[in-house]
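Input: structures, listed below.
Shared between the two complexes below is subunit A, which has subunit B as its partner in the first and subunit C in the second.
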Partner chain A sequence: MFEVLLGAASDILTLRTMLFLLLGVMAGLVIGVIPGLGGTTALAILMPLTFGMEPIDAFALAGGIMGSVGAGGAITAILINAPGTAPNAATCLDGYPMARQGRAAEALGATATASPLGGLFGMVTLLMVLPFAKELVLMFGPPEFFLLALFGIVTITLSDPPTMIRGLITSGIGLMIAFVGYDSVSGGDRFTFGSNYLWDGIPLVPALIGLFALTEMIRLTISGSSIATDTESVRLDGIMRGVRATFKHWRVVLRGSIIGTLIGAAPGAGGTVATFVSYSSTKNSDPHPETFGTGRIEGVIAPEAANNAKDSGALLPTLAFGIPGSSEMAVFLGILVLHGMQPGPTMLLEHERVIYGLIIALTISAILSAILMLVLIRWLAMITLVKGQILAPLVIITSLVGAYAIDSRPGDVMVAATFGIIGYLMVRFHYPRLPLVIALVLGETAERGFMQSMMIGRGDWKIFVSSPASIILVIMILGSLLWWVVPLVRKRSRGSRVDG
Partner chain B sequence: MLAGICLLAIVNPPVFAAFPERDIKVIIPFSPGGGFDSYIRAVVPLLKKHLGGKVNVLPINTPGAGGRRGALETFRAKPDGYTIGVFNMPGVLIPQLTEDSVGYDLEKLTWLATFGNDPYAFVVNKNSPLKSFAQVQAQKQPVLYGATGPSSTSYVATVIMNETLGIPYEMVTGYTGSSEYTMGVMRGDVVAALVSMSTARPYIKSGDIRALAMIGVKSTDPAIADADSLGKPELEKLNVVRMIAGPPGLPAELKAILEKAILAAMADPEFTKWLEQTGNDAQPAGADTTAASVTELIAFYKDFMQILKR
Partner chain C sequence: MDRQRIVGLAPSLLLVVFTVVYLTIGYRTLDEESRQVPLMTAYLTLFLLGLDLLAGWRGKHASLTAKVEPGVTLTEEFRAALSLLGLVVAIYFLGFYVGGVLYLLVSLGWIGKQGLRFSIITTIITFVSIYLLFEKGLSFQLFRGVLFT
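The block that comes next holds the complex of A and B.
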């Protein structure tokens, strides 16, 4: 294996190929910054351009993009609450509050450290588990998907006791929104009102653009201030603090990387699930979970580590079966086909060197984009000083254009705008947005997993405890339920005794 | 609406001598990167070459509503030859038969050519106790199949096959695509699935799944059953057919130009080379054959509508 790895490295480390890689990194950062446009779009746009290229250059370009869009997306998530790509939405939760406190540089420093660490962890894990790739990928079936989604929804909804009831309400509404559209299990239309647009459901990315970026810009316009509330306190020298904090919270990095790699390996779950589960489990295992969402640096580190680790995870099903683990991978497979390679279960044997080349390109890309970010942070962080009247129109226009650019559907713009208003009303009337977001992200996975499990098990609930992975997940769900509900019940009963 | 289109064609005296004068859009009803998408993208540059090379042929991905959005866009386009679309049968045909208003009528489209078809393989897990299709037919307990949604091609094909052969069956729906339910077979979620050959071939080759029957093509392996050996030759029609059409009322001159260019592109040595490299295949057919097989396919699936609606 190491011979091939070295061979692949020598393919990548030539001036021309490295230039393509750098080009990919820069394109990835820029496209990642634009809300709505992510790695999938970037690769799809570039795919036809790679036609005349040497295969290795095309893969370096693709690897550069895939390894850097996450970092680009994190920049806007932290600075202006606009998740550049869907998985970055989890980074907004604590990254943006940090920016408002004048700690944007610190949050960006943490991102620039956590992403390549997560990426490296994922790569090493990938190389180690490659021999068992098939078994690992086959561990995740419909029951496990359901339990994974349930775990995410339960932990996020319950983890904030003061607003738990409101959280339950919003996550319920979120699930209803997630169920809009054609039901691929039973075959009916739900809440589509005869609209062809709604047939595909409420698209996640425009909804996230609305709930995060537009909501915040509405708030900013109304308050008229800049993002950093106290401009005096903005510290541009916090970069190193962010870097150090990441190393100090190495457990968070490790947990995020493991979660990212595992969920990435499950085909169909996607990066957004990975970052949110990483965030919620970090929040859940903290002694003060209620302080998350107010600018905890762990809340930035956890999703960013998971986001880059998931790329390696997503390579597993691709390599083992030729089945893409993410939408980026699906387009990447298209590039492979374009260069005369047939993705499939024998790909790793037939195109070993190319595959290792891609793995190396992804790693270098994660590191390069982190370096670029570290260099740019000081200037980037100044965005938080710009007055709302100037910043808001620019961000609103970019966000709406981004929403349109995904699939050129006018309806997507309407969805973004609608969710922007819903998000603002929720903030205004103190309803937590996070349960709504997590339900939107995980609702479909949860429902599909549940329905399929019931069909596979012919209605027998034992299917949810029939594999080691599912038993572990059930224990995690029950554990977090007890963790949150028992103290609450105890408090309630104590309270009633006092009342009585 | 059709009358209106005809009227338009009469009012504007057609001058086709210079066709094509501007870029031609090819609507692909899927996201970029999939198998069929790459197939079309391989044909497109050659189509440009065989249309004189002066104008571009632009592939436009219009995913959504299970291919219906793209179908509708082609159906509603101006019949000036500058918009044509590709179709996956019976993917867009089933909704037309089962639902009240899909907004398009496949029989009214101006069919240009067929790219080819993709037959089905009946596959089971490599460790499955089922060793031959005769054993499947002898099953008393329902066989559990994986498929995508209930109006999807895979679901419809599974239902038709089992009903015709009298095999008891149950479905697990909701898989997001053919590779997902192929994984379902490998993981043991389901016992079997009908998977299009283009998806199944690599996994059969690697030994992760086994094919016990072929539907929609003659089997060359005596151990693998086919429609003839099962005594139901009508099942031969069960396969995925890929076609290309223009909007209704496309003038005959334009239709002839486009048909000729598409067939020439598919006969181009460059395309043959691409097919060989990627393991794809093609069974090109012209406009009349394509239109006739669309009518045939509609009649074939109509017969099964009572079962499917149930």
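The block that comes next holds the complex of A and C.
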């Protein structure tokens, strides 16, 4: 294995290939910064350009994009609450409050450190498990997907006791919205009112742009103030504080990386699920979970580590079975086929050196994008000092352009604006937005997993405790319920005894 | 019951209406298999909304019905929401370039009270950047509006 690895390194570390890699990193950062556009779009745009290139150059370019697009997306998530890519939405939750407190540089410093660390962890794991990838990927079936989705929804909703009921309500509404469109189980359409646009359901990325970026810009338009008033946000010592905090919270990095790699490897789950599960598990294991969402550095580290680690995980099913772990990987699959490679079990044997080359390219890309981020942070953070009346219209226009650019549908612009107003009303009337987001993300996975499981188990609920992975997930769900509900019931009964 | 509490209950009441409409449409248009999970979710949401309304009625949600930012008037909130909706309508009819330029000039110059020169220069820089990045860099054509297509 080491001989092949060294051979792959010598293929990548040539001037020409490194230039393609750098080009990919820069393209990934730029496209990642634009709200709505992500790795899938970037790869789709650049795929025709790779035709005629040497395969290793094409993979260096693709690896550069995949490794850096998440880092680009985190920049806008932290600075203006606009997730550059859907998985970055989890970074908004604590990253943006940090920016508002004048700690943007600290949050960006943590991102620039946690991302490559997560990426490195994922790469090492991938190298180790590649020989026995099959068993790992096959651990996840419909019951496990349903339970994973349920775990995400339950932990996020219950983790904020003062708004627990309203959190459950918004997750219910989010699920109801997520069920709009084509039903992949029965084959019919639901709640579409004959509209072709709604056939695909409510698009997730425009909804996220609305709920995060536009909601915040409405607030800024009204207040007229800048995001941060403290010049601390552009100071260099803030960056180093973020870097140090990431190493200090190495457990958070490790947990996020493991979650990212595992969920990334499960086909269909996607990066957004990985980052939100990572965020919620970090929040739930903290002694003060109620302080999350107010600017906790761990709330930035956890999703960012998971975001980069998930790429390596997603490579597992893509390379080993030809089953893309995400939409980004589906486009990457196209690039592999374009260069005469047939993903599947034989690829691991026939093109071992190319696979290792790609893994090295992804690792270097994560490190390069982190270095570029660290260099640019000081200037990027200045955005938070721009007056709201100037910044808000500019971000609104850019966000709507990004929402449209995903699928070239004017309807996406309307969805983003509608969710922007809904998000503002939710903030105004104290309805938590996070359960709505997590339900929108996980709704389809949860329903498909549930229906398929019931079909496989012929209506027997025992299907949900029929494998070691599903038993672990059931224990985790019950554990989370007890963790939150028991103290609440105790507190209530103590309160009523005092009243009595 | 004071006015603030009634305002606080209004969103939950609206969500009850939304859920009931959702349930009605579900029963009328979906077959048994398709509606199983959505309607189960809707019934559960309706139950939770009942609990929330009950808590609100008893005044237990007093802290949740307070205003988000003191000093912000309803007119300012309406204006911000309307300007966003106005932009969406402008984009639909006039496209990103014409609608977006008009919106930026109005938002910066009139609502944001910035100087005319600053507003024009910022608008030009923004749209030249958008044009170069999307139309030239990514070969992606932005929507021109139903009036121009």
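The definition used in the following text is that the second predicted complex is superposed on the first by the 490 of 500 C-alpha atoms of A that agree within 3 Å, B and C clash if a C-alpha of one lies under 4 Å from a C-alpha of the other, contacts with A are read in each partner's own complex, and residues count from 1 in each chain.
The rule is simple: a residue touches a chain if its C-beta (ideal position, glycine included) is under 8 Å from a C-beta of that chain, and two chains touch if they have at least 3 such contacts.
Since the structure is predicted, the reported quantities are computational estimates derived from the model, not experimental observations.
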Subunit C versus subunit B on the shared subunit A, clash or fit after superposition: fit
Partner chain in contact with A:Val124 - subunit B first, subunit C second, else both or neither: neither
Subunit B versus subunit C as contact partner of A:Met47, first or second or both or neither: first
Touching partner for A:Val401 - first (subunit B), second (subunit C), both, neither: second
Partner chain in contact with A:Ser186 - subunit B first, subunit C second, else both or neither: both
Partner chain(s) touched by A:Val331 [first = subunit B, second = subunit C, both, neither]: first
Superposition-derived angle with apex at the Cα centre of subunit A and sides reaching subunit B and subunit C, degrees in steps of 10: 90
Contact breadth on subunit A, by residue count: subunit C or subunit B: C
Contacts of A:Met455 with subunit B and subunit C, given as first, second, both or neither: first
Touching partner for A:Pro393 - first (subunit B), second (subunit C), both, neither: second
Lowest inter-chain C-alpha distance for subunit C and subunit B in the superposed arrangement, angstrom: 11
Set intersection of subunit A contacts, subunit C complex versus subunit B complex: 183, 185-186, 451
For the subunit C and subunit A complex, residues of the former touching the latter: 8, 11-12, 15, 18-19, 22, 25-26, 29-31, 33-38, 41-42, 44-45, 48-49, 51-52, 55, 63-69, 72, 76-77, 80-81, 83-85, 87-88, 91-92, 96, 100, 103-104, 107-108, 111-114, 122, 126, 130, 133-134, 138-143
Residue numbers on subunit A that touch subunit B, as the complex places them: 43-44, 47-48, 134, 137-138, 141-142, 182-187, 196, 199-200, 267-268, 321-323, 330-334, 337-338, 340, 342-346, 407, 409, 448, 451-452, 455-456, 458
Subunit B residues touching subunit A - in the complex, by the definition given at the top: 31-35, 37-38, 41, 61, 63-66, 68-69, 72, 103, 144, 148-152, 170-176, 179-180, 182-184, 186-187, 189-190, 202-203, 205-206, 208, 277-279
Residues on subunit A engaged by subunit C in the complex (per definition of touch): 30, 34, 45, 162-163, 165-166, 168-169, 172-173, 175-176, 179, 183, 185-186, 188, 190-191, 214, 218-219, 221-223, 387, 389-390, 392-394, 396-398, 400-401, 404-405, 408, 410, 413-414, 417, 420-421, 424-425, 427-431, 447, 450-451
